[in-house]
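Here the structure is laid out as structure tokens; the discussion comes afterwards.
Chain nomenclature is as follows: A, B, C and D, assigned in order of appearance, with residue numbering initiated at 1 for each chain independently.
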Amino acid sequence: MDATYDILHRFLPQVALWPSWLLVLLLAALPALACFTFMSLGPLVYVYAERKISAFMQDRLGPNRVGPVGLFQTVADTLKLLFKEAIFPKGVDRKLFVIAPILVNVGAFMPFLVIPWGSRLQPVDLNIGVFYVSAIAALSTVGLIMAGWASNNKYALFGAMRSAAQIVSYEIPAVMILLLPVMLTGSLSLQAITTAQAGGLSHWFLFRYFPLMPVAFLVFYTAGLAETNRAPFDIPEAESELVAGFHTEYSGFFFAMFFMAEYTEMFVFSAVASVLFLGGYLAPLPALQQIGPVPMGWFWIWAKAWFLMFVMMWLRWTLPRSRVDQLMYIAWKVLLPIALGLVVVVGGLALWPATANGFIWDRFVGWPIAIGLFLFLVTVMVRALQWNRRRAHELAAQVCR
Amino acid sequence: MIRWLKDVWEGVWTVLVGMRITWRHLFTRPVTLQYPSEKWPLPPRSRMRLFMAYEDCIGCGQCVRACPVNCITLKAEKRPADAPAIWASNGQPIKLGVSVFDIDMSLCCYCNLCTYPCPTECLYMTPEYEFAGTDLTQQLYHFAKKDAKFITEDPKKKAAPPAAVPPASAPPTSTPPAPATPAGA
Amino acid sequence: MDAKAIHEKLVARFGEKIAGEGLAAASPFAVVAPEAIAEVALFCKSDPRLAFDNLMCLSGVDYPKENPPRMEVAYHLYSYVHLHTFALKVLLPRENPALPTVEGVWGVANWHERECFDLLGIVFLGHSDLRRILLPDDWEGHPLRKDWQDPEYYHGLHVKPTQQMAERALAGEKIGVGPFDFTPPNRSNQG
Amino acid sequence: MATPEPVVNEWDRQDRQDLDTDEMVLNMGPQHPATHGVLRLELRTDGEVVKAARPHIGYLHRCFEKHAENVDYPGVLPYADRMDYCAAMGNTLGFALAVEKLHNLQVSPYVATLRIVMAELQRIASHAVAVGTYTMDIGAFTPFLHLLRDREKILDLFEWTCGARLLYNYNWIGGVSHDIPEGFVRATRDLLREFDSVTFPELLDLIIHNRIFVKRLASVGVCSKELAISHDLTGPNLRGSGVPRDLRKDEPYLGYETYDFDVCVGQGQYGPLGSCFDRNWVRVVEMRESSKILHQALDRLEKMERTPVQEKCPKRVKPPKGEAYVRSEAPRGQLGYYVVSDGNINPYRVKVKSPCFTAMSVFHHLARGMMIADIIALIGSLDIVLGEIDR
């Protein structure tokens, strides 16, 4: 709130003279509006990205007809969904049927309030930020169950039950891992967690206690995939098994709302993960934190979150779907033991004075790993491009033959 | 414990291997063909829409018998004795006047069986595939013409043109206009 | 074992119940009395020398013009142990054809017999689930019988083909396109 | 006299256990994304666990056998094409072989080689669809499109040869419809080279050895040898259960005995033998074996003297009175034709033993006690094509 006021004050100095009730209303409404706009327009970009990425991975072109390189395809689709009739099948529980997508969206949108975009750029800096995020994000489960139940469809019911089981199970390892950054900072505030990682890429929590925290990050990421119903854990809406899972019976705008919520959840999760492990709005090199007069914090958290989202899409178009009991196996027998062990070990290490600030080698692993990964990806990419060129050559030879 | 660790490791590793492949495919060239704007050159043997060169049909009805789905309707009757003699372009005399030759392309199964028995090779499949219509009746093709220009000189008497002239080449236009096709056409 | 030896073995075991043979046919067979087919089948499967563990095909054929009119059920057997084949045939009267099921011998017979019942109306006695399989449950009649006549309607849908467009055109309706001239770019269509 | 024991109807069998709750009947299909067409499954489920399953087929029934009785022998071929529309070459090949046996015809070695080339190309194409759609059933979309990309190239070859991409009407009684065009051998070699060196290893890495994929399938839908043989599972389904039987080896036709290839058998490398994984694995490896056969066949084609491909085709196909049951190894298993001729130009009776039909008949045995997600895996691993089940 203070930040909003400051920004407002900078551009409109007379704001200080306004009546306080108006000011309070304004200060509550402005960030909410900003968040909401961002949220509802975001999925347009994410869906487009997802389609394009999947297309390229499958040697296709993806959307390319509406607008330049298909940029407006998702806009067109959204408009279509908005204007389509929302069908209420016979036998649905109309009230729940309408409430469900709204509730799912509430669960997806609310965590936005605490995500820090810069040292002062944060709607609200709740001192229970992490707790708030995990509590509110779980709200969407209720919406999913409602949707499944209200649809009066067996497939939807299956989807709802699966999603309930899945999200409840994966909350546990996820919350366990959430504890680690909290223990390392001693605060639940996302702002405090971010500032505790200041000092460049090698100070990020991802590289603290190498190799413990990277494993923790993997566990958290996996759990996050499950909580956002992404492949390989997209069983609540597994289209080859349950047709469309909990939103089988939804159409038109309500369907669009589920879609929007799903992508928003993805973004929220990625943003939270980048705050907890990747230094949030902090740049990999401290020098890049501010370019000239422009603070770049918003860019960095955005870039990190989008990178994590890209990996989610990458995984989705690579992996098959897990089965519901294997999902439970992964949650309870793989992730949970690892998470518990990590909580104990990292907690102990953090308490022990010699390792309170990480192992001695922590400062030296971050950059090599990041650069190594980058180089590997570039090599694969270059080889693919080379293959392309060689292939083109062969094709040309064939045509000339 | 070791098995568990191995399991987890294999899980992570195979995922990474898969990710490497999809990453590589991000940069390979798409194979998509943008259909209405680019078109694949069809090989000459493509079996698409049927076509019949009416001037060459001798009305033998072998195609009708060969068709497994009965999509060809042929009505032929003997030409009156006083009608001028006409020939198909491969030199076969046309004894029967074909008054109706309809192909219902909505029934056709594109099997190509009708084209083989045709003695004058007047029925063949063309690489023409964009003939979707808004109405089913547009798929019924009438091939019988009222003003067909038949060959009216005996090709055997003429100085034999090279035998390899494709049968579909336009019939000589210098011939005098053929009389109206037989009664009923 | 070759077909002759198999036939001899069957005759030696079942005697009268092997009612005939067709060893000269492209797929040699023995004719089995209808009531004995289940026993013969079980013997064919369990005898170690025969070991016909696989029922390749079970087909019914209708012969209304034979004297007497009859139906045939042909069992084509194969042995994965000895890699030999043989066929059993059962001749049935055309009126109320019925014979014991061999479902207990070869599992696949379950569906084959259902299909045979569905399309030819041959009843397999003792079958666990003798319902129609390919046709709708309320379909009447058995289409693969030679005297089958298509019904006019089934639940309001035309079963018999309606008047085709060509017939309509012949009757004088103005439909269709053409005649037209069209010479495709290449005519090298023929092989 | 010993008689077989009566069989219990699986659907009516009740075996209640303490933890069971209320059962519900779930209708899967005929409109369902993963039933490979219009299969309808009636599942009695207890939560996610399937207690009993009952497949209902016939939604695509058009009575091929009745059609066949009403058209002449060459006219049956286009209808036969339309049974297994993913592998039309195999269907017509089987019918042509059956009528040739009735007719006592022998095709020339050149035609036989052509037929083998087409059949094996079709096998690769068909398995590419089978494996591809299977991975899609399991939830991975990308390998499906990678495989379809290569299948398209095979279809291009077919179109180049005979003018059609899906329903070829290529194998005729006594010959084939077209000779291969110039450059066919080289184009096929290029295709195979790319398939062997790029698509196949990528397929293995991307999906087949993926841990999630393996876990999903390795112990699901285990079909024992006995059950497989008794229910007449054939082709890759049978070999997936560990029975090394392949008609191309056991009863060679078209000179398959002169080619060097292995019969692929399920290894059970990740779980019990005969699981969904093994059936799928056999299909994957068979693609490579087919490519091996193709290389040899192409070598021979190059050296062989070209004979007219229709010289043996009878002017009027009118086999003498008689009957024959002839099987061939279609991509989905043994495709048997029981052709009865009464000396007319129409077949008196044609009965098709379609491999998918018999594979589907084992479904309710394997589906018992599975989870719903496994049902999808099972259907896919049996590799059914509804056009052939319903005929």
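Rule of thumb we're sticking to: a residue touches a chain if its C-beta (ideal position, glycine included) is under 8 Å from a C-beta of that chain, and two chains touch if they have at least 3 such contacts.
Bear in mind that the values here come from a model prediction, so they are computed numbers and not experimental data.
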Notebook entry, point to check: Of all chains present, which has the mean Cα position farthest from that of chain D?
Noted result: A
Item checked: Top-ranked pair of chains - ranking by C-beta pairs in contact -> C-D
Checklist line | Cα-centroid distance, chain C relative to chain D, in whole angstrom | finding: 21
Next item on the list: Could you give the separation in Å between the centres of chain A and chain B, each centre being the mean of its C-alpha atoms?
Entry: 55
Note to self: Please tell me the distance, in whole Å, between the geometric centres of chain B and chain D computed from their C-alpha atoms.
What the structure shows: 30
Check: Any idea how many Å lie between the Cα centroids of chain A and chain C?
Finding: 60
Checklist line | Residue list for chain A, restricted to those that touch at least two other chains | finding: 57-60, 317-319
Next item on the list: Would you please write down the residue numbers of chain B that are in contact with two or more other chains?
Entry: 15, 18, 21-22, 25, 31, 45, 125
Notebook entry, point to check: So which bits of chain C are touching at least two other chains?
Noted result: 189, 191
Notebook entry, point to check: Mind giving me all the chain pairs that touch?
Noted result: A-B, A-D, B-C, B-D, C-D
Note to self: Applying the document's contact rule, which stretches of chain A touch chain B when the two form their complex?
What the structure shows: 53, 55-61, 64, 218, 314-315, 317-319, 333-334, 377, 380-381, 383-385, 387-388, 391-392
Next item on the list: Would you mind writing out the residues of chain D in touch with chain C in their complex?
Entry: 1-9, 11, 57-58, 61, 63, 65-66, 101-102, 163, 177-179, 227, 229-232, 243, 245, 250-251, 309-310, 322-325, 327, 334, 336, 338, 340, 348-349, 351, 353, 357-358, 360-362, 365, 390-391
Checklist line | In the complex with chain A, residue positions of chain B that touch it | finding: 4, 8, 12, 15, 18-32, 34
Note to self: Could you list, by residue number, the parts of chain B that touch chain C in their complex?
What the structure shows: 44-45, 51, 54, 71, 73, 75, 100, 102, 104, 106-107, 115, 121, 124-128, 136-146, 166-170
Item checked: chain D partner contacts - residues on chain C that touch it in the complex -> 25-27, 38-39, 41-43, 46, 53-57, 59-62, 74, 76, 80, 83, 85, 87, 100, 102-108, 110-112, 115, 119, 126, 128-129, 132-136, 143-144, 148, 189, 191
